[in-house]
Structure formats: C-alpha cells, structure tokens
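Everything on this sheet refers to the single structure shown next.
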Amino acid sequence: MLRQSIERYTAEHYTFEGRWAALKSPRAYSEQAWSDYGHFGWLALRLPQESGGVAAGVRTTAPLMEAVGARLLLEPILASAIVGTGLILRRASADQKAQLLPKLADGTLKVAFAHQETLNAFSEDAISSEYRGGAVHGSKVAVLHADCANRLIVSARKRDVGGTVSLYIVDAVARGLRRQRFRLLDGRGAANLSFDGVEAEPLNASGAIDADQAAIAAALEEAIVASCSEALGAIRALNAATNQYLKSRKQFGRPIGANQALQHRMVEMHLLEQEVRALTLAAQRALSELEVGRTRIISGARAFTCSAARRIAAEAVQMHGGIGVSDELDVSHYYRRLMVLGTLFGNRECHFGRFAATCEAIGH
Amino acid sequence: MLRQSIERYTAEHYTFEGRWAALKSPRAYSEQAWSDYGHFGWLALRLPQESGGVAAGVRTTAPLMEAVGARLLLEPILASAIVGTGLILRRASADQKAQLLPKLADGTLKVAFAHQETLNAFSEDAISSEYRGGAVHGSKVAVLHADCANRLIVSARKRDVGGTVSLYIVDAVARGLRRQRFRLLDGRGAANLSFDGVEAEPLNASGAIDADQAAIAAALEEAIVASCSEALGAIRALNAATNQYLKSRKQFGRPIGANQALQHRMVEMHLLEQEVRALTLAAQRALSELEVGRTRIISGARAFTCSAARRIAAEAVQMHGGIGVSDELDVSHYYRRLMVLGTLFGNRECHFGRFAATCEAIGH
Amino acid sequence: MSLEQWQRAERLRVEIQEFCRSGMPSDILRKSSRHLMLNKDEYVRWMRALQSRGWAVGHWPREHGGLDWSALERFVFEDELARAGCPWVIPFGVKYVGPVIYTFGTEPQKRRFLPPIAATDQWWAQGYSEPGAGSDLAALRTAAELHGDHYIVNGQKCWTTYAQWADWMFCLVRTARDERVQNGISFLLIDLRSPGVTIRPVRTMDLCHHVNEVWLDNVRVPVENRVGEEGAGWKLAKFLLANERTYGAGVGEAWFALARLKTLAADMSCGGARLISNSGFHRRIDELELRVVALEALSYQALADMMSGAESSAEASMLKLRASEVYQDLIETTVDALGYAGIAYDPGTLHGEGPPPLGPDDAGGILRYHLYNRAATIYGGSSEIQRNIIAKSALGLQP
Amino acid sequence: MSLEQWQRAERLRVEIQEFCRSGMPSDILRKSSRHLMLNKDEYVRWMRALQSRGWAVGHWPREHGGLDWSALERFVFEDELARAGCPWVIPFGVKYVGPVIYTFGTEPQKRRFLPPIAATDQWWAQGYSEPGAGSDLAALRTAAELHGDHYIVNGQKCWTTYAQWADWMFCLVRTARDERVQNGISFLLIDLRSPGVTIRPVRTMDLCHHVNEVWLDNVRVPVENRVGEEGAGWKLAKFLLANERTYGAGVGEAWFALARLKTLAADMSCGGARLISNSGFHRRIDELELRVVALEALSYQALADMMSGAESSAEASMLKLRASEVYQDLIETTVDALGYAGIAYDPGTLHGEGPPPLGPDDAGGILRYHLYNRAATIYGGSSEIQRNIIAKSALGLQP
C-alpha cells in the first residue's frame, strides 16, 4: 500500500527531469514535495497513533527509503523523519513530544542529528563537544540536512555527570551557532556546525544515565539499515537503467547487450543487487526482532552493501560509456548518491570491522 | 642459444605423453633426462669455467627454469643445480669444491637444501636444528628433492658460536638420518628429514661469522627468482593451451572462444602473463645488478606472480571445463605445479609482507 | 513461509542435529568430516542410516514413501547434515531419477524402481554428458534405435560419477534427428550389467576415481525402460535439473568449511605466533565469512520467495554460482592455511589408512577436496551457462 | 635499448626534475598538483613554458622543430612531469594533429599549421566521437560534401574536450558512402570561427566544463584543409591513435597519486590513531603499490620491446587498460582516505578560490578528479574495445 502510493507519487511528481529545479534551488530540495510528504503522512510513519502516525519501525519505512534512493529524493527524510524523529521518540519527555511531534508530522519542523565531529568515517567517532552551564560548546561536521533543519539534536558530553554523552535540542538559529552550509556530492544539503556556548535543552525523558548513549546507538543502527534500503532503491533503479541501456544502445550494428562479456557483468550486478536485497531485509528483521547478533547482521549488511554499491555504480557508468559520465543523465547522479551513502554513518571499513569483531568465536 | 637447445630437447624428449613414465616411476623423475642435462652442460651453468661451467648468474639460467615450468620437468634442477650448487659455490672451501663440483656438473651428485622446519609458509622460518659435537640434531620438512639427493646441505645453529645459523653437508644415507619420502602435489619428490646426531661437515670457506647466513639469504633470493621463471614458463604454456582450446573446442555450433566473455577473461590472463614476465625480468636484473631495493623487487615480483598464477590456473581449468579437471590432460598438472610454486620458499602472504615492508617510506 | 512451516522445519533441524551427534555411524563421519574417500559400502550404510528415519526420500510425496517435506525442510535437512561434516547425500537415485520416475513413469516403473531407490538397494548413475556435449547438452550423439521391443543404444557418456559402483544408469539418448536438436531426445533407464556396456575409470586431478567413461556398444534396452514419451527426454532432463537445484548443502558446507578454516588458523603457527594473528590472513577469513552470511541470506530469501510462489527461474542459477564460488575460495584458503602441508600429497592415505605426509589428519582430505571441487563450477551447468541463463531469464538479454 | 639512449634519457630526466623544482610557474603547479581546474591562460602559459625548452614538441623530428626524442625520452618526459604533479600536457596540437600534419600534410599545410601548434598559438580540439559513434567510430555520420573548392560539413560531434577554447578542430567526416564503413572517411581541419559552428557545453559529473557538443551546420571548409587523400581519414585516425598511446604519463600519475595517498593516510586521523595504522586500509595501499610497480615494469618492458623492434600492437592497449584501472583505484582510495571530506563538494572552489567545505586544500580537487577520471576507461578506446583489440591481435580470437 505504502509502497504503491510512494511509487505512484514519485513517478508522477518526482521525475528526474522535474527534479532539476529542486536540485538547483538554494534550498536544494523541493518544498512542494516535502509538504506533500507531510500531507500523505509519510513523515509521521514512526509516530504513535495519537500523534497521527502508525508507530512504524524502520522496517515499515523501508519502502520510503527505497524511494529516496530510487528517485534520488533530496528532502530531509532520512535526517528528520527517520533519525531525528527516532531520537525524539526515544528520549524526549512527554512535554517535548507534545511540542515537537505534531510539527514533525506535518513537516513544518525539520530536525537534523548533529553527531559526527571529525572527518573519520573508518570507525565510530569520539564525541568531544561539551554541555555545560545550559549550553553546548564544540563543533560538528558534515551534518546531513543541517542546512535546512529548524532544530538540531546535538550529542555532547555532560560535564557534571562524568562526561556521559547526552542529547540536547538546539534551535538552528540560536545565538553562538555558526552554520557553514554546503552541498554533499549528491546535491543534498549539509552543514558544518560550530557551537560557541549555544543554549540547549536536554532531551529529558527519564531513564538510566546512559539512556541517551543507547538511544544514539539505536538511532545510528536505524540510520544504517535505512541507508541500506536507500542504497537498495538506488541500486535497483540503476541496474534497471543499465540493463535497459544495454538493450537500446547499438554499436557495430547490434545492441551492446548482445555482447556476452557485458551480459555476464550485468548478471554479476544483478546478483549483487539480490544479495543486497536479502541482507537489507535480514538487517531490517534484526532491528525489529531484537535478535542476538544484530550488530553482526546490520554492519555485515552495510559492509556488503557498500562494496556492492561501489561496484554497481562503477559498472553502470562504464557500461553507459561517455553519457554515463555526464551530469545530464541520471546515471552519474546515482553514482554520486551511492558514494555519499558509502560514507555517511561509517564507511565500508568501519562496518566491516564491526562485523569482523563478531566473527571471533569459532564456528557459528 | 641455450633457450633454443633446451626447447628443442624438451620438445623432442620430454613431451607430456612421454613424461608419464618418469612421473609414475619410483624415483619420480627421468634418469635419462637427468643424465642428458648433465651431458649438455645445463647442470654446470653456474660453475666456474675451470669446472666446465660458464659462471652463470640466475638470470642466465632463466631459460632452463622456464622450461622446468613449461614442460613440467620433474628432475632436481632447482634443488640441486640452482639452489644447492649456489650454496656450495658461495660457501664450500676449495677442497670441498674440488670434490663436489665435477659430480654436480655431470649429475652424478644431486644435492638438496634442507632448511624449512615448520609448515609455516607465511613468513621466514626460524631455524632450531643444532650442530654440536660434529653432528646435526633436528628436523626438516618438505625438502624438495631430498628424496633422491645424495647429499644434503643443512642449515643448523652452531652451538659454540652463539647459535649462528651455519651450513653443513651431510650424506643422504648417513647414520641417524631418517628420510620420510613423499610426493609433492605436482609429482616431484620431497622428504621430511629427521637428524638424530648425524655426522656433518661444515661448508668451510673462510668468511665472516654470518657468511653462511648471508649465503642462505642469497640462495633463497635466487630460489625465489628461479621459481618466478619456472612459474612464468608454466603460465605461458598454460595460457597457450587455454587459448588453443578456446579456438578448437566447439559448443553450440561455434568455438567457445567466440564468446566475448571468455575472450575478455583470456585477455586478462594474457595481461597477467605479461606482467609476470616484466616483473620476473626485473627481479632477475635486481639479483645480478645488486640494486638497491632488491627485496622490494624480488618479493614484489614473487607476490604478484603467486596471485597471477593462482588466477590463471583456476581460469585455465574453468575454461577447459570437465577435461580441465582430469589427470589425463596437462592442464591439471600445470594447476598443481603452480600450487606447489605458490608455497615453496614462502607463499604470497610472506612475500607481500616483505614487499610491503619496503613501502613504508612516503613517496618513492 | 508460514509459522507452522517454520516450526516444523525447526523440529526437523533438532532431530537431525541429534542424529549427527549420536545416530550417525561414527566411522563414516570421521572420514567424511576429513574429506576422505568413502567406499561404496560406507555410502550405502550412510544412505540407509538416513532412510531408517525416512529422510533419504523425505522430499518425496507420502504416496511414494516420502515425508512430504516443504522446500524449507529439505533445505534444513541438507544444511544441517553438511554443517556437521556428513557425507554427500548421494543424489542420483533419491534426488534425480526417483522424482522423474514418480512424476513421469508408468505404474509398473514406479513399483519396480522406487522401492530399491529409496532403500539404496540399487546404485544409480547419471548418463548425460558426452565428449562433444558438455555445456551444449543438446548436442548429444548417443543414439537409440528401436528394434521391436528393444532400443539398441550406441555411444559414449563421460564424467559419469560412481558408474563403477552403479547397477543402473539413467541416460539421455537421441531417438530421432530433428531440426530443433532438443527434440528427438529420450530418457532411458539402462541396466549397466547389460552386454555391450564398458566402464572406463577417469582419474581426476585429486588422483582419485570418481568419474568414468561409459561406452555403450549395441546395448539392448527394453522399451519399457523408457520414461515418458519418446522424444520427451529434454523435458524430463529440465525437470530433473530444476529438482537438482536445492541449496541447503551449499550453505551448510560453507559453514563447515569456515569453521575448519578458523580452527586451523588458530592451530597453525606462523613465525612465533598463531596464523590467525596474521592480519592479512585474518582479514581473508572475515571477508569469506561475510560472503557466507550473504549466501545464507540469499538462500533463505530464495526459499521465502519460492514458498510464496514468487520464485524466479534465475534464483537457482544465482545460488549455484554463489555457493560454488564461495566454497572454492573457502577451501583454497584452508589449503593456504596448511602451509607446506598444503603441497604434500599421498593419494594412498585418502581412504582412511594412515596420516598424510604432513600436517593435521585432514590435510590430505582438504587438499583432495580442493582439487576435486574445482569441478563444482563446471558440473551441473557451468558458471558460464548459469550466467547465460540469468542474462536471458532475469534480464531479458539476448545473445 | 642502448646504453647511450638510456644515458640521454637520464640526462633529460634530471633536466625535467630541475624544471619542475624551479622553472615551472609555481601558481600553475600549485593548482595542478591539487587537481584544480586550470583556465585557458594557465594552460597556454604551461605549454609555452615547456616549449621554451623545446619540450612541447620534443618528440617531433628536428626538421619540423622537434628534438628527435627516442621513445624512452618521450616516456621519461611524461613520467617526470606527472610525478611532480604538473598539468596535463595538452595533446591535441602537439601530440595528435601535429604529427598527422607533418606526416601526411602538404608543404603549405606544414608551413601554416606546425609553427603555431608548437608555440601553442592555436588551440586545437579533436572532432571524433558522435552520439551514434562512440566505440564504433566508423559509424560516424557527420558528412562533408564537396562543392567546388569547399566542403560543406553537417553533423554533430560530442565529448569534444576544451572546444570552448579552441581555434581549430581536426575532424573525421564522411565524404562518401561505401560498403566498408571505414572507407569514405576524410580528415578535415575546421576553423571553429567559421559560420555554422555551434559549441554547447556539457557538464560532466564533476560539475565542471571540460567537454562540448560541436554542431556543424553547413560549415564551409576549404578543400586545402583536408589532410591526406579524400577517403584516407581512417588511415590517419589509426596513425594518430598509435601516436596517442604513450604511457609515461600513466606511470608518473600513479606514483604521484600513491604518494599523496600515503601522506593523506599519515595525516588523517582514525579513532585516536592515524589512518595508516588501520591495517585494512594500510593493506589496500600496499596492494596498490604492488600494482604500480607492476605497471611500471610492464611499461619499461613494452618500451624495451618497442625499441628493439619487437613491439606487439596489443601492448599499447594493455598499458592503457592497466594504467587506467590502477589510477581509478588509487584516486578512489584517496577519496576514501578523505572520510567525510570525500562527500562534501563545492564546485565553486575548484578554480583555486577558497578551500573546499571540508578537509585538506586538495580535497575538492581529488574528489573532482576522481569523478572526471571515471571517463579514463571510456575515452580513447574504452576498456572493452581495448580487450577486443588484444583478443584479436595478441590471441587471434575471433568474435
């Protein structure tokens, strides 16, 4: 149901040709589409029923994330509706929720999760930002959609309780906050943030002292699984485009797809896509079923997806030839989207390492 | 000149069909061929002119080693005429040489180098055999052609000079020496050796205290370069066989080599062969020219050759289909020869590690 | 798949694990888990041990003596046996020809052949490949001419596994010439004790005797030993192929090999340390583990798709490709871990008598299986053929 | 190669190293070594700096103003410049069309065109590819019809590098229809200021403007601007292609990229340590270094074979394949080393004004070059075409 309505909407209103206006606009996304998503309830999927949602797990939001990849959507769905919303649902107090959730549901509020502090994508980032005297000090880099977010959820060490990493909510135009906006390689907005004593409100649901830390871990796991779905959507669309090109492009008097060497390479891409699909579904199950070894499956899926995506993207460009390198065709946009997905929330090496750490036990 | 005469002789007298008798004989090699090699002077190449040789470096012996690979020769050329002879030339006294060299030249003496002590092929082996009271104590494993050698050159720690590794010569039928003979995967003979106080004579040319140690390092480097040549010969012959098969084997009404996927894979094998050739030649130059960074080039060539050989051998079997797996065709014999070459004198990981250790300096 | 199906399969899994621990003849498990060569008697005992619980034909319908297993149960059965290092479930009777007979055979054929197949009272061989017909099976030339109530069969089959032990061979033969080469092929059951049958052993590169050439020289085959109509052989062969492709064994074998690779890497020494602490080698093992995880996920996904009716014809090809690729790399890496023991080879020690020249007990078996297993990407439809199938059926690419 | 050739080349190597240290315009080197976009003026200054020593046309014969370089000297020239991070030696004039003109041109053509080419007083573009004629160049459709002493040219060229700066374009056009499509192609020199020429920029995925579509609408080209006979264009194109393929640059570029990758891995932090101490990443770098060593050995071997007259026509294809593959992997790994700086992109900073949004000075340039360099396995004969060439010429395999 959800899948069909997303596919129908994006096929009509988010074509590659129509997307140029959004891509080139200063905001780097379509306000109209964003407001439509809110209208259709897609931004509220994760919210409880009393807030107009369906209390969906990340598994249920998979069709949405697949569409983000397949249609190269530019709006802050992952940043706000998946990750930011997830943190608020886990750690905001009832009052905070009452204030934030309705606006998240209709899209008038966009949140971004300001967490990463260094350029390192090879392992989990250590947090050195601090919260003291009611304000955040520190800096964050490459925060997805922090360019357009109204509020930021910031991770920082709480000085007075032994430096536990906790979560704070900050107004995006607060005093002392500098935002250096830029585009990611795939055209989506991001920002580097510098906090010079920025007034911040703790997300203050009751909970254990490390509840925020646990919520961050959970939100990052959800982000990883969601980005696997996004990659799956992009891979599927890209493979379909390449396969179609093999049939339509003629050189030496016949379709280039009649060449067995290209056929066998396309078969390999198809196989990788099927493996990414199987692992992504397994990772979704691992999330929602609280299975033992969730890190193993989630980081394993992610590591596999990163390398598969890289290979598929490179092969798609190569098999398209010159046109594959141009900015005019969608192929190079998928290439860049998949590059971005290969780094956000930790790269292949990062997740392969996490996976490998679960392999120590002999046997299985 | 040498290359042509070796090629002519082996093409006539060492065909794959004719080789079966030698392979299945208890000695696991052809006595006739061995005596012919002696007669032609091929076993004396490295000897000084006064001993009937041409004082050849390993570079000059390359055509011989290529033939060992190309024709899958079974005789102890590498063990005796290259490595064993090299050690004697470096470390035997004039008297010892006078006694040994003439017999090495005509093939009546075969020597093997007993050095490896553990199964480990991933790094250089530590020597724990000992020489004390005029006798060797210890054990050696998988010594190439120790099954048929008359004399063994043994590395052992000299107890009275602080455990320096030195070289000793031992009669292969001496008391206290147990030889467990077996075949390597490629049909060549080998033996595990156990020395229980075996009378041994030091190789006693004068020299620094670590002269034997240096001679061992040099002999192993020569062995590595020689085995690159052997692998090159095998790779070249195997690629030629596969390419020929692609042209002659018909399925679905045309040669299987008309399939572009197989063509492109064959091209990759050809390219790897050219790279192996270029690196093997570079390694030969590195040996004889005492260049800086010889380990870098030699171990680099070896590491590259190991992985290229593995891929080429696997592809040769695969492209031949069922017949490639049979013992009746030469293809599987090349496969097994290349497996053996991938382990003797250190495997890919061992030499890649040695290469990598030279990469530390930034830039080049 | 339904919860009930899942629970049934999990119950079966527990039973099989229990069987592997205590029901399984231990002398056979000792050999198979070391990749040593089993003899005919051992294989027969093994198959009968399985059939003592009805498992050898668990995938057959109840009316023919089976247990009506779901695809999931069949998967679990193969998976668990392979994980435990059990021998190969000899497929020629119970997996290949049995289903052909109960699906396409006459009642007398069913009565005559199915019981001895289920009980492994007959050993079957598969007569498909010929010297000129490997990947291009339809090019087969073995001819059967009808003379009264007998076919007279002439030709040569090759790569016939265990024909040296076989009582019967099911066989594709040409009964007519036709424009379309797939037509005119028929499916015969040939008694290998018939006059005119000659079986010549062919050594593979592990120096063992698995496969044979089978020469058929004016062999008389009663017409009632043809299964299906004359000319329907290609259809039966495709049915058999589809049946052949179940991939529990591939997943289980991979886990078994990975576990052995890990113990070996932990046992072997590498310059003063354990091999597992060599970071490059450790990485290779972990990369392999990720591929096994992916293979398992892909297999279960294919199973789920199959059980929900959404199976694509390309899935079996995909699983065969991936399972054979990852296994080849696993066993090759295991051979690497053996170091110098990975190049010493004495085929005389592969039947269970005496240790290999070097290394652990199973060094010879590992090496043997590595060598023989190079054929895994060749038999049952080579990897190249599988890719062609996927290109055509899943991607719509035409040559 | 002879000792004298070797020594001459080594002397040149030293001179070039000296030039890179002190003769080279430092503002240009600063940009090129960061993979930033040079403008036309910078490229022209660069080419003229080279030509101030005669090097831009060092490979030309002395009679046409060159230095009669050996293949080895030419290799060393490209190798050393690339190792130092110098810009691309713009090939269209000095490397591509120049040799065609002095080999096949008339005396007036030589007098008219060679001096401004050598001096970079003219900027040239290459008009080969068309929308329907990429790998299959012979399918080109741009047509030139002779009307008196002029050709009237109509058609469309694409992927025309730096046409936006060019004064002239050498161009393959169809002057006749023939059974064999390679026949009937001619080689024209077209003044791009002619009426009817339209140049449309095409952005590549680095969001920069390198390439163009060139539309030719009834463009009049004097017949004296045809090089060689009418219909001889294919021969000239093949000559040009053979000349195009010299591979010093590939080796030098690889060493430059590897050195930068190493400094970057030593600079970037990775969870409390330096990135270089991540064993998986360190291994990737070392594996790349081994491939660069192999590329260098293969290149020198090809050079030695060429200079001893034993060159195979497949060698150029092999070197192009390997050089482009290893470079793509080097620069991709460098992007990986940048971490989050490898996904932040501001094309506005690629011309030398201001730092990239994140990371070191050259982060944007590295990323840009990674993206643009995906085309390296496509232009100048795609990798697929190179493999076809090798299959045919070195292996004798026919489609």
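As written, the chains take the letters A, B, C and D, and residue 1 is the first residue of each chain.
Methods note: contacts are C-beta pairs under 8 Å (C-beta built on N, C-alpha and C of every residue); 3 or more make two chains touch, one makes a residue touch a chain.
Given the structure is predicted, the values throughout are model-derived calculations rather than measurements.
Among the remaining chains, D is positioned farthest from chain C, on the basis of C-alpha centroids.
Chain pair with the larger contact count among A-C and A-D is A-D, by C-beta pairs in contact. The mean-CA centres of chain A and chain C are about 43 angstrom from one another, to the nearest whole unit.
Centroids of chain B and chain C (each the mean of its C-alpha atoms) stand 38 Å apart.
Put simply, the C-alpha centre of chain A and that of chain B have 55 angstrom between them. Shared interface positions of chain B, i.e. residues touching 2 or more other chains, are given as 259-264, 352. Annotation for chain D: residues touching 2 or more other chains are 280, 283, 384, 387.
Looking at the complex, you find that chain B touches chain C at residues 116, 118-126, 141-142, 180, 182-186, 190, 192, 250-252, 259, 261-262, 310, 314, 317-318, 321-322, 324-328, 332-333, 335-336, 339-340, 343-344, 347, 349, 352-353. By the touch criterion given at the top, residues 243, 246-247, 255, 257-258, 260, 263-264, 266-268, 270-271, 274-275, 277-279, 281-282, 296-297, 300, 303-304, 352, 355-356, 359, 362-364 of chain A touch chain C in their complex. The touching residues of chain C, counted against chain D in their complex, run 279-280, 283. Contacts from chain D toward chain B in the complex involve residues 255, 258-259, 262-263, 266, 283, 285-287, 289-290, 293-294, 297-298, 300-301, 314, 318, 321-322, 384, 387-388, 390-391, 394-399. Contact residues of chain B toward chain A in the complex are 259-264.
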